[in-house]
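The next part holds the structures, each set out as structure tokens.
First chain A sits with chain B, and in the next complex the same chain sits with chain C.
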Partner chain A sequence: MRVVVARSIDAALAALASATEASRILAGGTDLCVEFESGRTRPDLVVEVGRVAELRFVRETQAGLEIGAGSTCADLLRSAPVARGADLLALAAREVGAVQIQNRATLGGNLVTASPAADLVPALFALGARVRLASLAGRRELLVEEFVTGYRATARRPDELVESVVIPPRPAGEHRAFHKVGTRRAQSISKVVVALALGPRGAGARIAAGSVAERTLRLATLEAALARGLARERLAQAVAHAVALDTRPRDDVRSTARYRRAVLERVLVRVLGPWLEPEGNAA
Partner chain B sequence: MKLEPRAVPLQDAPPKRKVKTTQVVNGIETEVEIEVEDVPAGQWPPRASLRVLNHDIPRVDGPVKVSGAARYTHDVRVPGMVWARLLLSPLPRARVAALDLEAARAVPGVVHVLVVEREETGWLGQPVAVVAAETLEAAGDGLRALAARFEPLPWVVDHAAAVREGAPAVGRGANVGRPETDGDEARARAALSASATRVRATYTVPVQHHASLETHGVVVDYRGGEDAVVYCSTQYAQGFAAEAAKELGLKAGNVRGVVEHMGGGFGSKFGLDAQGLYACRIAKELKRPVHLMLDRRAEFLMSGNRSGTSMTIEAGCDAQGSLTGLVAEAWKHGGLGRGSLSGLPYCYKAGAHFRDVRSVRMHLDASRAMRAPGHPQASFGMESILDELAYAAGLDLVEIRRRNAAHPAWVRQLDRVAREIGWDQHPHRTQPGKPDREECIGIGFGISNWGSGGSSDCEAEVRIEKDGSVVVACAAQDLGTGTRMYMAAIAAEEFGLPVAAVTARLGDSRLPTGVASGGSVTTPSVAPAVKDACTRARGAFAAHLAQVLGRSAEGFRFGPDGVRHDGMTERLAWSKACGTLPAEGLSARGKWQESLQTRGVRCTQAAQVAVDPGTGRVRVLHMVCLQEVGLALNRLAVKSQIQGGMIQALGYALGEGRQLDSALGLQLNASFEEYKIPHALEIPRMTTLIDDDDTRNGVAGVGEPPAIPGASAIANAVHNACGARVRELPITPDKVLLALGKVV
Partner chain C sequence: MAARDQHGPGAPFGAEQPGDKRNTDFRVVGKPRQKVDGLAKATGALQYADDIALPGMLHAKTLRSPHAHARIVRVDCARALALPGVHAVVTGAEMPIKFGVIPWTQDENALAVDRVRFIGDPVAAVAAVDEDTANAACRLIEVEYELLHAFSDPREALTRAEPAIHADNKHGNVSKHVHLSFGDVDAEIARADVVVEDEYEFHGTTHAPIEPHCAVATYAADGLLTVWSSTQITHYVHRALARVLELPPQRIRVIQPALGGAFGGKSDPFSLEFCVAKLAMKTRRPVKMLYTREEVFYCHRGRHPMQLAYKTGATKDGRVLGVDARILIDGGSYSSFGLVTTYYAGQLLTGPYAFPSYRFDSTRVFTNKPPCGPKRGHGSVQPRFAFEVQLDQVAEKLALDPIEIRRRNFVGEHVTTVNGQRITSNGFLQCLDEVERASGWKARRGQLGYGRGLGVAGSMYISGTNYPVYPNEMPQAGVQLKVDRSGLVTVFTGGNDIGQGSNSVAAYLVAEELGLEVSDVRVVAADTDLCPVDLGAYSSRVTFMVGNATIDAARKLRRQVVKAVAEAWKCAERRVRLIEGRCIDLEDPQRSLPMREAFHIAEARFDTLGATGSYNTPKLGGDYRGGTIGASPAYSFTAHVAEVTVDVETGRITCDKVWVAHDCGRALNPMLVAGQMEGSVYMGLAEALLENHEVNRFGLHSGPNLLDYRIPTSVDTPELAALIVESLDPEGPYGAKEAGEGPLHPILPALSNAVYDAVGIRLKKLPFTPGKVLAALRAARAGGTERATDAASAHSAAARAAKGAH
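Right, the complex of A and B next:
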């Protein structure tokens, strides 16, 4: 195993130029070091980017809020611009592990690991985030839904590094919510996690859920129903329909599929209910 | 005349008499009759006169523990030390198909490869090989280089598979053990038939792990020659040293066992264990010190656990709620071991009872003693069936307990605990609430008991130095519960000193005979011996001062204002008095005395919970515990230990439990990531009460009883809140929704 400690983005990209599918990028190490210890992962190349200062920033740009991939969960919790423009991300960061983990785990790491139970990823989905990737071959930008492609799988090529994510400016009057159900009140990997954003009269709904399929996903059926001006009385039925169509939960060590379906439904009804108009008032 | 230097001899061969006491074998308490010296019985001072004891004394070792300065076994580093790691069987039963010893030996830094199982493994996590190397990392590389291959053999790791006809045999003999029965079945069944109300249900508890924050392990400091020191995370330093001596081939007296601080044991750390054995073998072979601590996965797989149980209980009562009959059929799940389950009915009396208990063996590590072995399992079955009976008969949940409790202390405790938890204002006293709101509030109760007596072998030494300092010593270990603290406090009380003026030395096999710390015996063993040593030292000191000052020895009093004599108006400062001692100071040895300890501790708890019937999440809001403790040496430490027990029970109720994949033969949660012990945010408001109506002036062990009834109380509270009767621990949210019929 070759280890390259990169001190700059350029150095990281140069090292990644020879990367293969078996290579790994190490940022905070909160996932990868556990895999090393368990023996599940024996990469040919590890590029350490945890000390690349250029990856750790939050800046407000015309395109929206740009957050460096090396920003830790603790950074997200402490950032005033994140609290203003990407509140869901701060709420999600608070749910990641304990304080020690929050001090190490990075936004980029959570995204690239692409665990179906990731806490930050649903928040990025609901915020409509775009992912900026760099390699020696150039730069490109993907919608976060396009970036996360499957169970711990992303559209990142082995030679690419996630540099930052961009959160579009918050539309006026958008409701947002983040809700996680775990076994414990902290340091608990999600049984179900939901992040959502909803414009006035159901416009521009982005409803994201984690731990209910092999990857984080958006509940397209529900979003469509909301965009059509769903009345509060019809919410429960629409949610049940969407959960049945859009999610693919499984039984695992943390929970059961039927529990996940039932609780996802209830959480969505509870969160969305107060935002919807009763029948008659609906558009 | 000069004071006899050092030791004050004990009386020569005093007459003996027989007393009943508790002896602990691997954490299981057993009542035995022993002979003790028939000396005048020592007494603790009346409670009202106590200046130090029975007060809150902050922990002396708190600062070193929270700052990381305390040296645990894992922290020990000695010159020339090698690091050892274990290769475990990844399957419950397998043929060892390949081990590349040459490759492992060729890894730079690897100094020794020990194969401990060449043929066939018989339980998940069974050690197969040990690699020792100059660094921990090199040892890890050595393990990987072994490139071990295992061919699966048929196994059983769950009840259904183990009892099936033609199931793979677990060791020799049948997978289901012989029945252990108690009571008269015909009479019990007749009583059930005649009862006004009867209920029957099956309750299941999982295997619970000790989850000690410090894993098992040892540093064997042997460099050749005749002597060795073993640093061990153990509940019995003297026993550990003796076993290690045998393995090292050294004289028992030449091996010193040291355990300065312990990060928990809960009954799992009595013997040398496999890792201790291997460390000794490697040290003997290499003539170099060996560091061998289990990693967390090994800790989950091979260090024992609290056995699981499945029990079907049928109980009946008369119109007033008195238990007329109880029949229980139970299976213990203790892996290769027998498991443990206390008697049913547990803490309650029934007109007639019968029980039939069998163990079901599986290809998993043997269960061990764990904080009140057998009691929490029995409590869960008992308290659950009692609640179900009360609801079926329309009776108040507290009233049915008061009526059937096997000892009057519980009646008094139930009244107080019910008051503290707000039972009289609670709306659901005879029927559970409905799942009709986001936060349903419920209350549940449970009671427990434990023997808690001391051990007659325990001794202690107290030394008063010429400079006025005092050292108290006993080989027993401080598991983190405050042994060090009360040893010093007893001497401080006896000599009228501040606690800080006394140093306690413990956890060292070279010190006066201690005790195996299990079954809550440490305090009722050590405290009487320390008190006796202090009494003797005080007598010897008074005799010395009588010589020096020309006064009668009987007249001397030791207090915070110094040394006084009944016939003198002036006082002598402690340091001045000690200044008259010979250069070597004064010391005295004391022995355990029956009169200074007491037996039988009863405990009552209540829990108040909030259940969200939408998600099935349970939040414990408030727990109340009222417990007998005899004479509390340090009220702060007693309360702290009670709270620890309540928290452990909370984990048993809501999160903990070994999860296995039967088909793949894996433990799914052999880590703290997936094995859920409670965290700070789960801790409810805790009302921790020492039962001061218990006026027995003897010391009792307090650690066991508070860990027993909490899970039962929480389970009953969940049902009381919203009608979700979860008969299988842990009560995870999905089970709550299932019980409510809210998931399909």
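Right, the complex of A and C next:
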């Protein structure tokens, strides 16, 4: 195993040029070090980017809020611009592990590991985030939903590094919410995690859920219903329909498929209910 | 007088209430005090086993069985031994003698000899220059297994004897069966006005101490083997090492360093203690082994899963006439303390309520799962849960208040129970009064609206037992005091401080008796070379027994000092008093000495100063086989009221507050007592709502880590009122009884009873997961409470079959 400790983005990209499918990027190490210890992962190349200062920033730009992939959960919790422009991300960061984990775990790491139970990823979905990738071959940008492709799988090529994510400016009047149901109240992996954004009269809804399929996903059926001006009275039915159509939960050590569906429905009804107009008032 | 809340806001420790004269005769005890090791703990200076690092020390690792049940055909260590950095390998063949705490059921080997009985059973151990090398060597050991049928269902083990998990066990796969009957149960239940019969289930939980097991051994050129181990019973480790290693015990020294939690999980001798000893002997180098968290989960010895069927008959005014219990206990793969567990499951239920008749039939079976053993509230938490829920069902049928039915069945003070246990002091009625008052029970129960409720439960527990584990007539606890010319008194005790504060208690008692500052007393504990034998930290015996032995020794020493000073002063001994670091003449205020000088006078008069003290229980228990098991010199009593909110949409139960009243005899340090009450409640609460030591049908643990095994975080723990009730026991040290285990019991049934008050579903199978709650609510809506609970059971069985956890 070859280890390259990169001090700059350029150095990291140079090292990654020879990367293969078996190579790994090490940032905070909260996922990878556990895998090393268990022997599950035996990479040919490890590129350590935890000391690359250029990856750790938050800046407000024309395109929106740009957050460096090396920002830790603790950085997200402390950042005023994040609190203004990407509040869901701060709410999600607070739910990640314990304080020690929050001090190590990075935004980029959570995204690239792409666990279906990731806490930050649904927040990125709901915020409509774009992922900026860099390699020696150049730079490209993907919508976060295009980036996460499956169970712990992403569109990142082995030679690419996630540099940052860009959160578009918050539309006027947008409601946002984050809700996690874990196995206990803190330091837990989610049974269900929900992040959502909803414009006035249901416009531009982005409803993201984790731990209810092999990857984080958006509840397209529910978003469509909301866009049509769903009335409060019909919410429970629409939610049940969407959960049945859009999610693929399974039984595992932390919960059952049945409970996950039930609790996802309840969370959505509770969160969305107060924002919807009663019948008659709806568009 | 109302008990003070020793916990939470607005109740500063030690705030004297006007007219509170209880502790005015004492200068040290009865007041909140720092633990003697408190500062070292808080600053991180305390030395735990894993902090020990010796020159040339090797690190050892264990190879464990990947199969739940298999015969070992062949073990080949040649490739492991050839790995650079490996110093020695040890296998079961080198330590074939079996051990076990209970002399009649010694069925464990340090390393498997010819058979493995659970996934995780140790097979071989390697000592190498570091852990990574030792792990790599473990992977090079070749073991050939022949797979055997693995038992996972205790009911199957009950009826199927082949293949026998222990070939030399006389009763197939039955580990222990106890059937005891007191009075005419059938006749009493036949004449009852109301009978409730039901089934309950406890799922199995483990201790999860923050410190994993660790041991370090050295073997000196002169043949002295020294083992430092994170054990809670130094004496039994000492005995077991001598037996298995075939060494004379006088060539072995066992030391317990500071311990990071045990809760019963460090009561057995463990494989690592034998392995580091054997590897140190083979390599002549210090050897350390530290278990991983995963290994701690597989070593287990946690609370037994039990299936409990109870029948209670009562008169129409709520008096219990008879209780009939049948209990099936899943013991896992080894006996551990299982013989005692099987007795405790029945014997410890006969208080705080009077049972005119009582029968229990309890059977422990072997299965191919991690072995169960003693966990805080050993053997009695599960039956207590079943009975306290059943008592609520009886109260419901009779339309009686649940606290009132408990009052009406109070067993009394200074009585003998139906199974022959001597109860001395008993503050249970005051415990009920306290939780009733503090929780606002009368005004609030049944009045909180749908979704919120209150539940009550009671319990009792032992302060040590007079069953000495291995038969002998010697004291259960011994203490030795040594006086230095500086004025320092050193206490040598075999008692194990496992965080409960027993070393601190020993220091308080010596300071009290000799009129010293606590800082002028040093405690040396749990070192078999230096300290008199104590049987260790289990069954809540240390404060009670070591406390009594300490007072005994201190009084002997005090008499010597008083006699010598009285002679020097040419006055009567009754005039000489040791107080606040000085020796004074009660009748002549001008005459006094610093304690150091009084010690000098005594040493000059008598010889090197010192004293020994001991404690042994009086003869106790019923005159029948097993009658001494569960017989204790004093019993503690507890009552809880729990307040819950049930979210009927998500099925989540939130415990909002717990009121705990505990009769600990006398609170030698109310802060330590409140700490034990708090820890007990949170541990029990998590067992009911969060934790599940689940082993699937292949024998694999469902989540052997602290992320998936959900001990509570600070935000999962409710507000708590710790109400100390002091009944002043005639047998305890200054009247003290236990406080470390009793306060755990009532929370589990109190939660179930509170959920019934909140939403009308009767949860009888632990743990109370959101999925079970939702299923029970669905069934209740479909029609009737009885069907509701049945459906909940069916659902839980289905969920288990699906390997799901909600």
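Here, the second predicted complex is superposed on the first by the 283 of 283 C-alpha atoms of A that agree within 3 Å, B and C clash if a C-alpha of one lies under 4 Å from a C-alpha of the other, contacts with A are read in each partner's own complex, and residues count from 1 in each chain.
Operating definition for what follows: contacts are C-beta pairs under 8 Å (C-beta built on N, C-alpha and C of every residue); 3 or more make two chains touch, one makes a residue touch a chain.
Treat the numbers as computed from the prediction; the structure is a model and nothing was measured.
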Partner chain in contact with A:R258 - chain B first, chain C second, else both or neither: both
Which of chain B and chain C A:T41 touches, first, second, both or neither: neither
Chain B versus chain C as contact partner of A:R266, first or second or both or neither: both
First, second, both or neither for A:T183, with chain B first and chain C second: both
Contact residues common to both interfaces of chain A (with chain B and with chain C): 181, 183-189, 253-256, 258-259, 262-263, 266-267, 270
In the complex with chain A, residue positions of chain C that touch it: 649-651, 690, 702-703, 707-708, 710, 712-716, 770-771, 774, 799, 802-806
Touch list for chain B against partner chain A, complex: 144, 438, 614-617, 619, 654-655, 659, 668-669, 673-674, 676, 678-682, 732-734, 737, 742-744
Parts of chain A lying in touch with chain B, wherever the complex brings them together: 34, 39, 181, 183-189, 191, 253-256, 258-259, 261-263, 266-267, 270
In the complex with chain C, residue positions of chain A that touch it: 181, 183-189, 251-256, 258-259, 262-263, 266-267, 270
